[in-house]
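You will see subunit A twice below: alongside subunit B first, and alongside subunit C after that.
Let's look at the complex of A and B:
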């Protein structure tokens, strides 16, 4: 148990990322690496509520936007350190999440209805940001006033510090989800059948809210990182559908409801979309999105449980073959717990 | 008084215009097997849902060891020591059989490891040890029922409420299930909703009969089955019989 397979993968992944980040690779590749880690981090946060607890949110960019705007506005208005701004952004994201999650969970909103509610929240946040022009710059967005490299101001000229920060954030998020073993089981039970879970002494609301709060906090912090790294935000980019969808996609393609699924999804999807954009996208505008879409559809059809399910499928097939050869009757049954 | 673990006092519940439970009162004694019977729609499952607070009672109180548990959430009722099964077994389909049991053990375990250690014993008790790695959704109806019972046992209840665990079982399987229930009686109080008369006559010490949401009889299995009102509830009333 001490060194389970996912733990080994996690350690190897972390080491590989550290080596990659500090090796003399082109700046653009480093940028893709940072982007990948950002989505791996936020996807892990998304996964806690949406993967484990099965409350599918397609509006999580609302919390990215809240984190990002809180940080940049506090910095521009009262020159509050972005590190504190980051914390405030995370907390504000939690506040907004509670406002939505509590009534949703209390009145049992789930399935497509919860998803619709999450999209509505995203639209509301986006509209508010657009209309509060004096504070947010409206649809023109806000840019971060340039400061020379300073740890206190969370601004750096090179890519490496950003890489290191997002690596640490990602590590913390994955380790946190890892440590929440009991809560993960509770959330899975709630996802599968919340009445049956309640009958076993599991507090449905408490656990759902816990997952939502942690998810919003981490994603809000991700938003703060986003604005510090990109130095410019507008409501449509940071609070729009594209980020929200990408968070869901990295988790679902990688394997939602698993610890490393979102990370594996991000490691594959984000570089893939960048490569496609540079190669196919330069031939015909929009073609890369078409190819990307087709690849997603194929993955979802053949691997509904995500890429992390591949070893399990192979093992089950082997066992079935072995059983067939031995007894002539196929008995399925994978041994060894993966997650 | 002290040997009554559960006291149901004048509870009523209506859904819109339908009076599902009407002024029902009864006591459950410590370590007894109490059966609740009645025709379809008599309000047996509603009564289960009321006692475990899945439904809120309109009026009346439910005392568990002298404490009114009305208004608690279902999970709090379970933590107090009352666990119910569902009439249609509800395994967690996407979790393995052993994880189903593990989840049920968690609420009363200090750590996940502690819970994990207890899983094999429960799987063995409900005869699912060979299916441990199957998904909950892959089980047959009978296995689902056994898993449902295993999950309930995993919560270490003081009052176990079984909603039609015998339905669909073959006679031999019923005998096994009855043996298991008698064995469980050593450690807990058992309330059963059941249709199968053979089971009720064999294992219950007392029987409560419901009809149209009201309690119409209470007593030993023999007393209840010879009660004319019970017979008429099952077979229909003769014209001229007094209603109430």
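Let's look at the complex of A and C:
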């Protein structure tokens, strides 16, 4: 196996996270680390369908909510182990995704129409969860009954086990996307030109559905982790626009359609917003989200390929400068790839 | 039978209000071909402006339209210049404008949260709680006024689009940007004007609905989805479609709200929305009804 630059970054990042998680740092910092990894994990899952295949979903919190509610309801009703609940949640998320993705791709929904459909699905799930009051507690939400530390019941008093679990999940998600090299190329080809991709023999619908299914499964599992960690959910927080936009945010600001983009985005954004929330959150509620919004707008306008594209841009600029110096005139040169 | 007529009348009134909220969104999509996800949040801004004009300066919400419309018109011009224009004509304009407007909506919502907290605010005008009896049907005065204003706005907009030179330019740009440019139309000017008018109109809608609905920072999210359902139903970019879509959703929600719960009513209209997206994305009126 050859050690490419992103692979080195990935290995260093993983090691750094492992060391950080088990060093004696304050509990609050550990909480921020867990949150960062959760968003890095779910952002990576989002990125598979929305970044690589370019089917922008702003309703992925529907699958977070499905994963979370399945886990907690199965636990509360029939005391099913959250580990199995997690699996069921992921599978149910896949089921719902298939129900919606198949017609979406079959009827060739693209661009803004696909995004609107994804928002509609999110609203439907949220409204259904609110209306099934007997099972879900309606808009008041559900809390997880406390159990002392137990691996089988997925409940721990310390933060370390949660950290380890989400670290493993994140690692699996990134490694999975990494190993799906061929699918990634197919999806990129479909994103750039669907007809040309089909003409080259790429099975468009099959690959799109594959990406959608994996994405929904991983995000559903993320939802199950969410409820086990936070111990409380309600339809608006777990299934609302906020989480859906955050998933898109970490991926796009980091660099959508790249393996480590979502992770880099999460590593930068989540601690930033948590620090803002901690310091000025009581006087200025919403400031951390306001910053998110501003960052998103600025990134979209000035850096549409995200933070990971910065080295490339700098290199291109250097090459252009070198060319200018070589030719000695401002007219010639400029072989650098410009955005 | 009487309740049936009552439901229909309420549904039509509600539909008129919904149509007024959506018409700006539709105008922007029809001409500039971008989806403005912050649409509902501009409605929220209009509602807050109306609220403060009323509570601080005792300005009647209907008079407030004369102030709120121009204010949001200017806001629209600035937003277009700062956020939308840099994205036009580049790669992936469609997706990028969606994301940028989503970010903008997030900014507006959280700005409102920071400034005015998450309290629900309502105003009490001399129309509050009043209703008018027309042929045995009780119609809320606030809703009736909103409906009348919606009809007036629709007629004015229709006149401007169909019978003025500027309207002809807007229609030309909506049909073919390149050809319009060749005919000497300043496309950029038309774009910024359309965007500003679209934002101004949703601000105006904010004034009109303030006596009927509460305002809070995320009120836009609810109306946003609704507005999208309506314009897709009627046909994105189709002016008459927004009116028809508004009436349909108004009736569907009123009926489903009576038969089932409010949440299920919304689920029902969202499902309708998905089905339309799948089988007839150009809307029920189709392309023939464009503008």
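Observations on the model:
The definition used in the following text is that the second predicted complex is superposed on the first by the 312 of 339 C-alpha atoms of A that agree within 3 Å, B and C clash if a C-alpha of one lies under 4 Å from a C-alpha of the other, contacts with A are read in each partner's own complex, and residues count from 1 in each chain.
We take it that contacts are C-beta pairs under 8 Å (C-beta built on N, C-alpha and C of every residue); 3 or more make two chains touch, one makes a residue touch a chain.
The model shown is predicted, which means the values in this text are computed figures rather than measured ones.
By the touch criterion stated above, A:151 is placed in contact with neither subunit B nor subunit C. Once the two complexes are overlaid on the shared chain, A:181 sits against subunit B while remaining clear of subunit C. Touch counts on subunit A: comparing subunit C and subunit B, the chain ahead is C.
In the superposition on chain A, A:109 makes contact with subunit C only, not with subunit B.
When the two structures are aligned on the shared chain, A:189 is found in touch with subunit B, with no touch to subunit C.
Once the two complexes are overlaid on the shared chain, A:168 sits clear of subunit B and of subunit C alike. Of the two partner chains placed around the shared chain by superposition, subunit B is the only one that A:197 touches, whereas subunit C remains out of contact. In the superposed model, A:289 makes contact with subunit C only, not with subunit B.
Of the residues of subunit A, not a single one touches subunit B in one of the two structures and subunit C in the other. Those residues of subunit B that touch subunit A in the complex are listed here as 52, 54, 73-76, 78-79, 83-86, 90-96, 99, 102-104, 106-108, 111-112, 133-134, 136, 138, 151-152, 154-155. Across the complex, subunit C meets subunit A through its residues 35, 37, 83, 86-87, 90-92, 94-96, 98-100, 102-107, 109-111, 113-114, 117-118, 217, 221, 225, 228-229, 232, 261, 263-264, 266-267, 270-271, 273-274, 277-279, 281. Across the complex, subunit A meets subunit B through its residues 181-182, 185-186, 188-189, 191-193, 195-204, 332-335, 337. The residues of subunit A lying in touch with subunit C in their complex are 54, 56, 58, 100, 103-104, 107, 109, 111-113, 115-117, 119-121, 123-124, 127-128, 130-131, 241, 245, 248, 252, 284-287, 289-290, 292-297, 300-301, 304.
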